[in-house]
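Contents: one structure, followed by commentary.
By written order: A, B, C, D, E and F. Residues from 1 in each chain.
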Amino acid sequence: MELGFSAIFRRDLLLAFRHRAEIANPVIFFLIVVTLVPLGLTPEASRLAEIAPGILWVMALLASLLSVEGMFQSDYRDGTLEQMIILPQPLYLMVLAKILVHWLVTGLPLTLLAPVLGMMLSLPEAGYLPLVFSLLMGTAVLSLVGAIGAALTVALKKGGLLLSLIVMPLYMPALIFGASTVQRAVDGFSVDGPLAVLGALLAFSLLVSPFATAGALRVSMHG
Amino acid sequence: MFQFENIQEFIQMGGHGPYVWSAYLISLSVMIWLVVSPLRRKRKLLRDINRQQQREIAQQGTNSSSNLST
Amino acid sequence: MSQLFSWKWFHRLGSPRWFYQTSGKWLPWLSMLATGLLLVGLCWGLAFAPQDAKQGNSFRIIYIHVPASFLALAGYYVMAIAGAIGLIWKMKLADMVMKSAAPIGAVLTFVALVTGAIWGKPTWGTYWVWDARITSMLVLLFLYLGVIALQYSYSSQDAASKASAVLSLVGMVNIPIIYKSVDWWYTLHQPATIKFTEAPSMHPDMFQPLLVMILGFYCFYAVALILNTRVEVLCRERRTRWVQELVASKCT
Amino acid sequence: MLTTEPNTDLFSPNSLDLRALAFERDDRMLFSNVGVSLKSGDILQVEGPNGCGKTTLLRIITTALSPSAGQLLWQGQNISQVRQTFLHNLLFLGHLPGLKQALSPEENLIWWRRLNQSQAECCNNEVLARIGLRGYEDVPCFNLSAGQQRRAALARLLVTKASLWVLDEPFTAIDKQGVSELESLLTEHSARGGIIILSTHQDLGIPGIERLSLRHESLGQKALDQNSPFVVDVA
Amino acid sequence: MELGFSAIFRRDLLLAFRHRAEIANPVIFFLIVVTLVPLGLTPEASRLAEIAPGILWVMALLASLLSVEGMFQSDYRDGTLEQMIILPQPLYLMVLAKILVHWLVTGLPLTLLAPVLGMMLSLPEAGYLPLVFSLLMGTAVLSLVGAIGAALTVALKKGGLLLSLIVMPLYMPALIFGASTVQRAVDGFSVDGPLAVLGALLAFSLLVSPFATAGALRVSMHG
Amino acid sequence: MLTTEPNTDLFSPNSLDLRALAFERDDRMLFSNVGVSLKSGDILQVEGPNGCGKTTLLRIITTALSPSAGQLLWQGQNISQVRQTFLHNLLFLGHLPGLKQALSPEENLIWWRRLNQSQAECCNNEVLARIGLRGYEDVPCFNLSAGQQRRAALARLLVTKASLWVLDEPFTAIDKQGVSELESLLTEHSARGGIIILSTHQDLGIPGIERLSLRHESLGQKALDQNSPFVVDVA
């Protein structure tokens, strides 16, 4: 039972490592896009500080969203998905392995980079720790939820933007609670509430997403 | 009981006329479209199926005797 | 599974042909009822209901806005449940219902949004505010659009139905979450006026036409859904004998 | 390359029955009433003109698609009841090679073996040499030629424990020597009591092969408009 | 000579039309992502109004960026690009046709949608016209510049985010002048200056991009 | 299907010379000293084991790749000088079909004809019927089988004015009848004075065909480590 999980996990990690340049990509996207904001908005530190929590979270969400698209795509194109579906192993476990790798190579680096970018946007001191914690959990939710959308659109030509349409509404709760965690911390309130909600969201999506994704993959393959 | 003095006032609605009427017009036209569009689709579909039937009949006709008008 | 659900009624219910014939009998009555209710409600609400003390006549938008909002939400559940039935019991009719329900729901959501926005201008001085209910209505529109887009992106009808069923189910789980979270996030919208547990805080003279409109909208929704589903039935069953015979008898 | 000391482990007796299979796609009947019984040692070649439904039939056999009518029996039992055991005994190679382009043939093979619960590390180099990829074990697949990629996918045939092989046009892009070696590999598998179902347009040099022809009744408009099923006959 | 241009132009428009749902995609992405901002930041109209010009431009840029990726990808995958390169017709004209179609199905709709979103972000009255004009020219620049990046990354697996890395810096001038057009208009200054610069950028990229893109495509195909 | 009244327009005499072509990829010599002279009416079959460089050679001939050494002459002139005329006379069909999946075979054909400046609207239905796609003219290509897609790409052979055809494994996924029809199409083209270069692993039933064998000297490690070139001989 666990073999499927660990085989996929190790292979996907290897693949990610083989494409080292691409691991860096969401991170670099995050970096660049956060740089664009002062260019488009305002370079004033005080005004940037006000919007920093929200902007950081929105942009991390976008970076994660963009990388979610590729989660099953190459497997679909080269026929690996076809093989995975007829393996005598539970598909949802394999799916879970893929999601986990996705989080390890996008969500985690994004989280680690966020404080640096926070500095660039003059995020107040109190915001850093909540930023990291909320992103740690939040990006995992994003990977889990995104997987469902990625599975639904994998067989479609040019699914990329359709994916955003499908996934964005599902991302909203994570965004709201993630951003407000940071905002509340900056404003000096307790962050236990929103963090707990994020945890609940994580647990819930961990329960639902692998099954929904596995189902969606089957549907996609039958098309 | 009619709430307005006359039609003029009814249309103006105490200055809120444009809002109220545009809201109602947009809503009604969209809702009418909801009902009309399936009706139109159905008409077209029936026409298509019918035409296909005619074509098949004609084909069967040409199969047996070669020169039949379609 | 198949033994469990081999009861006659279930099969009949799932038969598109049965649906087409039965709904054909009901449809005229239902549409007459819907038209009647809507006409009565419209005249009553536009011309005869008293105007609101604070908002004046702009308040009359409520007679479209609230019923549309109700049905936009209810329509999502109709769609998702139909999708679930189609997914679990592979009932083709349910798939067709789901496919037809999506655009109707989207249009009603759009109506709720537009009327709300128009209403906002005289009331709040702006077309748009980021309040919980409004925002979650916008999200609902996105969910609808996602289902519709998915429907049209798949080339195979079966796969399209299943995929959009999965999406609408996931969305259905998410609607309360989204609503709660947005609600928690910010609330500026009017508190609920209609609660099923208490008496309405509205004046009965204003409330009665609203009730008529809501009923009318429900009937209208049913009519639109049935009409769309009937076309869908014809389209997907076009090669079966009963449709061929139906067309032959109609067109000659 | 593929001629190696034959693996003499015999498979326990197997049987696969297709019973009156039919497949309808978007209201068009692709084939109907396809019935074949296969037992240990049988090789079935699915033939027919382009678009007659060979790939579709093979995918139905792998349970990736479900038939519109008819049944699939494995060891006499309906496939939906014994799906897990059936999948354990199945190896499918489709049109797409199922290779990760960024990984080398060896890494691809290791990964595939891991997923299929065999000892993944043993003698992969030998296997790849036998399939004709000596010297290319650690070249990423996107740097291989069409035939080499196909071979990398076919390497699975050498390490699988599955008794039922379903191969969709396995000879595509393979050179002549490779074709004859593949043929002897198939013969060997059948001699060990395995079952093979393959689709190909080439005539094979394997004696005692069974053939299933899916024939297009009429290639023209008719087949699209009416529900004329493809005619099926087993030679 | 013109045949290549018009053949590609007509085919791509047909393809876009065939994938109608996908034309809507960048537009919907724009819509959704602009919706995310208030959720992450603040729902207060006055604060939204401040950041509206910048946010609108940044998000339009992202929407355009995401859609640029697909510009040559399907042509590459199915071998059409291989064919185009060995056609006895100037490649840059065919490329120009593709860019034009891309702008017609993404830049133009984005521009037309922008005022609506401006309203949702409480953009002050004075900003609407400059917003539309700056986006009209700006999105064309984005399509032209993006094409170069798309051509360079088309042969790479998972080029998507590498593309952003390449293209973003080139997008910056358009972003700076586009956003400041709107901002200046909102602040009550003349917008002739930035608009003129945008025009110059457009003319320049119109001259350079088709050739650079054609060259980049050749390089990609030789890989 | 393809047997139609032969088009009797003759091509003006053409000649294509490969002179001592060599290709080195990542410091490895793939082949060297490949030389052939082709003139109107010639059909050249490039043969060799998987990975010997057939596809590479064909892509060099189409000018999509440049050789590391050697020259390509068209009508006796270096190809770089007459690239435009050469490309006007060239039709290339590679491993990838070059079809837009979302468009139907007919739309694909029309588009391709437009690009190649022939009257795009004439008799596309007939052409598609001849290539075996009657009834599938307006089905999007992603709903076609492997062989049908290949046929949709091959339809170009019926409407092209090019005299030099370069075909990389054109018989892939094509059924038996299709293969023999394609063969007669090739013969016809050569009879009209065209030149054909194709790679395939199958033996063709075309008389008078020339063969170019790219042979792997040693399949093993050696080929990778040393720069042992593939040996070339023209039969």
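Just so we're on the same page, a residue touches a chain if its C-beta (ideal position, glycine included) is under 8 Å from a C-beta of that chain, and two chains touch if they have at least 3 such contacts.
Note that this is a predicted model, so its numbers are computed, not measured.
The greatest centre-to-centre gap from subunit F, using C-alpha centroids, is found for C. In a homomeric contact, the two copies may use the same or different surfaces; for subunit D and subunit F, over half of the interface residue numbers are shared, pointing to the same surface.
Chains A-E form the pair joined by the most contacting C-beta pairs. Centre-to-centre separation of subunit B and subunit E, using mean CA positions: 37 Å. Chain centres here are Cα averages; for subunit A and subunit C they lie 32 Å apart. Between subunit D and subunit F, the centres computed from C-alpha atoms are 29 Å apart.
For the pair subunit C and subunit D, the distance between C-alpha centroids works out to 48 Å. Multi-chain contact residues, meaning those touching two or more other chains, occur in subunit A at positions 19, 74, 157, 162, 165, 168-169, 172, 176, 222. Touching two or more other chains at once are residues 95, 101-102 of subunit D.
Multi-chain contact residues of subunit C (touching two or more other chains) are listed as 139, 142, 145, 149, 153, 155-156, 182, 185, 238.
Those residues of subunit C that touch subunit E in the complex are listed here as 126-131, 135, 138-139, 142, 145, 149, 152-153, 182, 185-186, 188. Those residues of subunit E that touch subunit C in the shared complex are 20-22, 24, 28, 32, 35, 38-39, 43, 45, 48, 119-120, 122.
By the touch rule above, subunit F contacts subunit D in their complex via residues 48-51, 53-55, 95, 132, 134-136, 144-148, 150-151, 169, 172-179, 201-202, 219-224.
By the touch rule above, subunit A contacts subunit D in their complex via residues 3-4, 6-8, 10-11, 14-15, 18-19, 74, 77-80, 82-89, 221-222. Across the complex, subunit C is touched by residues 1-4, 10, 13-17, 19-20, 22-24, 26-27, 30-31, 33-35, 38-39, 41-42, 45-46, 49-50, 53 of subunit B.
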